[in-house]
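Look at the two complexes coming up: chain A is in both, with chain B in one and chain C in the other.
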Partner chain A sequence: MDFTFSEDHAMFRDSVRGLLERECTPERVRTLWQPSDSPGSRVLWGKLAELGIFGMMAPENAGGLAMNEVDLVLPLIETGRAAFPGPVVECAAVAVPALRDLGDEALQELWLAGVASGDTILGFAHAANNLVADADVVDALLVGQGSELHLFPSDQLSLTHQPANDPGRRLFKVDVSSGSADTRIAGGQAASSLIADALDRGAFGTAAQLVGVAQQLVDIAVTYATQREQFGKPIGSFQAIKHALATVQVKIEFAKPLLYRAANSLATRADTRSADVSQAKAGAGEAATAAAKTSLQVHGAIGYTWECDLQIWMKRAWSLDLAWGSAAFHRGRVADAIIDGSSPARSFGFEAR
Partner chain B sequence: MKILVAVKRVPDPNATIKVRPDGTGIVTDNLKYVVNPFCEIAIEEALRIKENHGGAEVVLVSVGEQVCQEQLRTGLAMGADRAILVLQDGDVEPVIVARALAKLVEQEQPDIVMLGKQAIDDDSNVVGQMLAEMLGWGQGTFASEVKLSEDKSSAVVTREVDGGLEDVEMPLPAIITADLRLNEPRYASLPGIMKARKKELKEIPLGDLGIDQSVQVKVHKLSPPPERQAGKKVETVQELVDLLHTEAKVI
Partner chain C sequence: MELSFSPQLQAFRAEARTWLDANVPDPALPSLDTAEGFALHRGWERKLNEGRWAMVPWPVEYGGRGANLIEWLVFEEEYYRAGAPLRVNQNGIFLLGPTLMEYGTPEQKARFLPKMASGEEIWAQGWSEPNAGSDMAAIRSTARREGDFFVLNGQKTWASRGAFADWLFGIFRTDPDSERHRGLTFILIPLDAPGVNVRPIAQLDGETGFAEVFFDEAKVHVENQLGDEGGGWKVAMATAGFERGLMLRSPARFQATAARLVELYREVGDSADPALRDAVGRAWTSAEAYCLNTYQTASRLIAGGSIGSEASLNKIFWSEMDVHMHETALSLLGARSQLLPHAPEAGNVGSWLDGFLFSLAGPIYAGTNEIQRNVIAERLLGLPR
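Our next item is the complex of A and B:
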């Protein structure tokens, strides 16, 4: 399978990276660790929207670009690399394609045009997540409840803030007991299918962000290891440091093809998509948590301080590793798929015999 | 209104540049190339003039190898209308670039030629000035602000000069070179990138322009700048003043 991205993919990735390096600096991220109504978060969101990321998967008649997960994966990695605050995955990769697949043009006109321009932020509450991340910034929340899918405008949401280890990813308990026929947008098999797809897409988008988070953690640690000197030479010259970082980089490089395959499986609606997504999520989570641990070790005591920016990505790695299903949950799905025979057992080109 | 913007392909300013051991050039293996940052500012200014003054055609021009297409595509994705690539292998010295641009100005008849004030690779800072001389046009170099008159017959350019700012007014057509603070360039949007593939990118061999290509400058050797030395710590202000006076000889 050819995982080569086109020149346009690379150019858009560079655009997103350039914008986020300029606008989403660690200083800016820290200022956004405030309650949601700080206007700064909307400004940053709007700048990312101007590049076209949020409407990528929306249909053209709703102001979108009718693209798929293969087109979305590189920009999502960049949002992870920048520790971009806000429900990027839930909006661009989950809620938008859910409304697209629902096919209700009135709903699409009402919500998706605003998403593409950045004026509207959508979220998605799924049973895989006990709490809803960034629910305080959304204009509407799609909620999968049993075999029904509801859409709650923000003024009908009752949120209770919960403590979270990542201040850039605020968690909320959402009371959806007010769900009624007015908020219900799908039911039965259609809703079940949309909710199942949402889990795959949420796990895929989170895996993409985890790969970006992992790479940024390694890059920060490498920069530190080339500057910090001990025994008269940079600490990165010692095998105890460089071999540990190389091991993490190998994990990242192994996670990338899993992620790209998951993107392709989702885009082509392959039968193996759920297992492919789960393998990608477990691999990306493993790479990111290893990157967090190793980067902290490389930094030593300074890595524990509030002033050190390393915490931004370490906490994001830990929180995203648990979002949209833990590594254990996803490994379980891969195991089920192999045992059921519904998914060919594949890993790095080896076929099970 | 038509605006011609010169675009140069240069190594990424964030990349670490290494000089080849024999001093004949820089190591280009795995080196990333981008649009010269000052040229990017020039493109952005041309696009803003287009957006704020009732439309204009923005035409990009680059002189160099086939791979310069990449930088022209970036400019087209930002919003320029079409591009011209003057093909020439190897390094092209500034005076030949200026002659090529002068020839294209004859053909295209633009109202403004925008350039970056200098390229970050050779820092020559001469093409805009030479082009103005060749065409006999007014020039506003090191621009930090550009204002067009309502009838678009003249421009006031605020220049960053030693010790302050200088406003110069010139009739159009004119040459304007962009300084760092003129604007903050936009990033190519996804719809812009998709549209750029369909925009015209015309290639013209340098030889077809019929200009004098005689080389006047030869680079003999490149060498890296000396490594930065560690600073000196002083105990008192008086000691600092003495050293500035006796050692650095700056006061």
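Our next item is the complex of A and C:
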């Protein structure tokens, strides 16, 4: 029993954080809101790829590091903290392990080697999401359709942009009517299992980003409340502000251990992984949406402007809370598991008599 | 990261389970806030100590097992699984015990720890005064040095377990010219000493879980001073840290409540009210989060880390979770939830009302949650004072 991360994990997190603080600034994020700047997003993606994030879960023979969700969770939190644009979760945490588990070496050679280097971006379309985020930047999209899994190279995709609230996470209706035996990569039980795993992994990765988003929302509110003065003192010295931010920090701190346990349950393929992931996603979503509301209130009117960078994270909190199953969906899954036994769920350590 | 229990931990768990299953009293003991219940709980402490299960994390030389924090958590999981009694000497075991080990002289450790372990001496805590609650540094009770004795005057209040306990620990102003947190001394006081007058206070549930304690020229030998004269604030902060930190509320307590809540929902839940189903799910998830967070902290401490202001996060989380769980149970029970345990129609549901009333104290004692939020805002987030 050792519920800690290794020094290597901490060092890797620090290097990801350092890179993103330098490269993924709010100014940069705003320029990438323009769809025309897709080369710019490729450059930023490539820098993150150099650290080895995208191939972490790929097998070694496909240029990957054969790592797992426990290794990936801290870097994913950092991508949330930086509001890093693009399908990081769908690529690194969903599509890559799906192709790994499918075990087709020809497909792995074709698609995974380029993922590790950052040259190839993969996405994953799942029924839980209806619309597909960042579909315009992928080179190929894995699509769970009923009980089949398809892989569409981008030139076979027909996308319709659906303008939405978060300018950093573009949504698309994807027409997959061109699906055929050529695009089908799995069917039957194998596909159903891959698609179910995709939901757990997508929800897990999104929960990680939400934790990063939530902490960033608190941190920028703390910075603002320390500088902004009213009644002759920083507003952060008033208990009304302190208590609101402390309340959110409690939510964040107790979302993290749920997230880390979910990472471990996925990595070890524990039979409780779906229930564990749902607890993490619901907890992280609630922490992030509470952080958004509180950060806006602390910022006051300035936070309500387009110019204020608060919106970068606030809108990300909202959009990620809805991605890969809303908090309500995941709380429902938890209740079904613990009350009706719809999927395995157990207390950590404690066993009821 | 390794989240499975080693064969050694599993063996330790099995040993604890076997002993508890054979020894936990059935039926459950009456409330420890009654004279009869207090005596029976004292007897349970003695029995625990005979099995060397009273002070699991303490060093072997003081009657413990030298268990690390993970082992302690495993023991607590089995303790709550077995439905074992509340710990009447919680103030001693989890608060004063660790403080004595850190600040006590060898003589003090030898004098107090074994009797604490055996339940022979049950401890009350004496922090608050009528005008020193959240503002604890406003303490006015005095200890005047006369030869080898302190002469105590003043009043403590809300002394948990004070109505029936044998000893009390608290801080007193030894320097009459001092202010705030300076000039205070941590003193251990036998409650049967002349000049000490205990007046029990009935709580919200009508039982006497705490008391006022009056000191009128009460004499206590200076050997009962813990830590330096004038250094009582530092010692008290260490004690309060243990209280808010890992040991006051073990996760298994809430996981047991969550499991009972799921059972209750299965019995009486109405599928037409999805809000209650949702609340049960939240309760379960909160208990898991608290447990996992505790294992994380325990792992960090075992690896040489320390616990500081994060303890305030814990205290807010478990106390609010406890209230939420009990509110959910009462909502599930509807009108029946207001029945006291001995009402003929109460059946076995009366314990939820007891638990609800007790949970409402959580956000108040051990430092109100408002004080904890100040600590988080100033020391963890860095907001200006």
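The rule is simple: the second predicted complex is superposed on the first by the 337 of 353 C-alpha atoms of A that agree within 3 Å, B and C clash if a C-alpha of one lies under 4 Å from a C-alpha of the other, contacts with A are read in each partner's own complex, and residues count from 1 in each chain.
We take it that a residue touches a chain if its C-beta (ideal position, glycine included) is under 8 Å from a C-beta of that chain, and two chains touch if they have at least 3 such contacts.
Owing to the predicted nature of the structure, the values given are computational and were not obtained by experimental measurement.
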* Of the two partner chains, chain B (first) and chain C (second), which one does A:19 touch, if any: first, second, both, or neither? -> first
* Asked: For A:177, is the partner it touches chain B (first), chain C (second), both, or none of the two (neither)?
  -> neither
* Touching A:11, do we find chain B (first), chain C (second), both, or neither? -> first
* Touched partner set for A:254, first chain B, second chain C, both or neither -> second
* Compare chain B and chain C by how many residues of chain A each one touches, and report the one with more. => C
* Asked: Thinking of the overlay built on chain A, is A:53 touched by chain B (first), by chain C (second), by both, or by neither?
  -> first
* Can A:245 be said to touch chain B (first), chain C (second), both, or neither? -> second
* To do: Considering only touches as defined above, state whether A:130 meets chain B (first), chain C (second), both or neither.
  => neither
* Could you tell me if A:189 is touching chain B, chain C, both of them or neither one (first, second, both, neither)? => neither
* Write out the stretch or stretches of chain C touching chain A in their complex. => 1-6, 9, 70, 73-74, 77, 80-83, 251-252, 255-256, 258-260, 262, 265-266, 269, 277-278, 280-282, 284-293, 295-296, 298-300, 302-303, 310, 313, 316-317, 370, 372-374, 376-378, 380-385
* Which residues of chain A touch chain C in the complex? -> 1-6, 70, 218, 222, 225-226, 233-234, 236-237, 239, 241-243, 245-247, 249-250, 253-258, 260-261, 264, 268, 279, 282-283, 328, 331-332, 334-335, 338-339, 345, 347-353
* Inside the complex, what are the residues of chain B that reach chain A? -> 70, 73-74, 77, 187-191, 193-194, 197
* **Complex contacts: residues of chain A adjacent to chain B** => 7-8, 11-12, 15-16, 18-19, 50-53, 56, 65
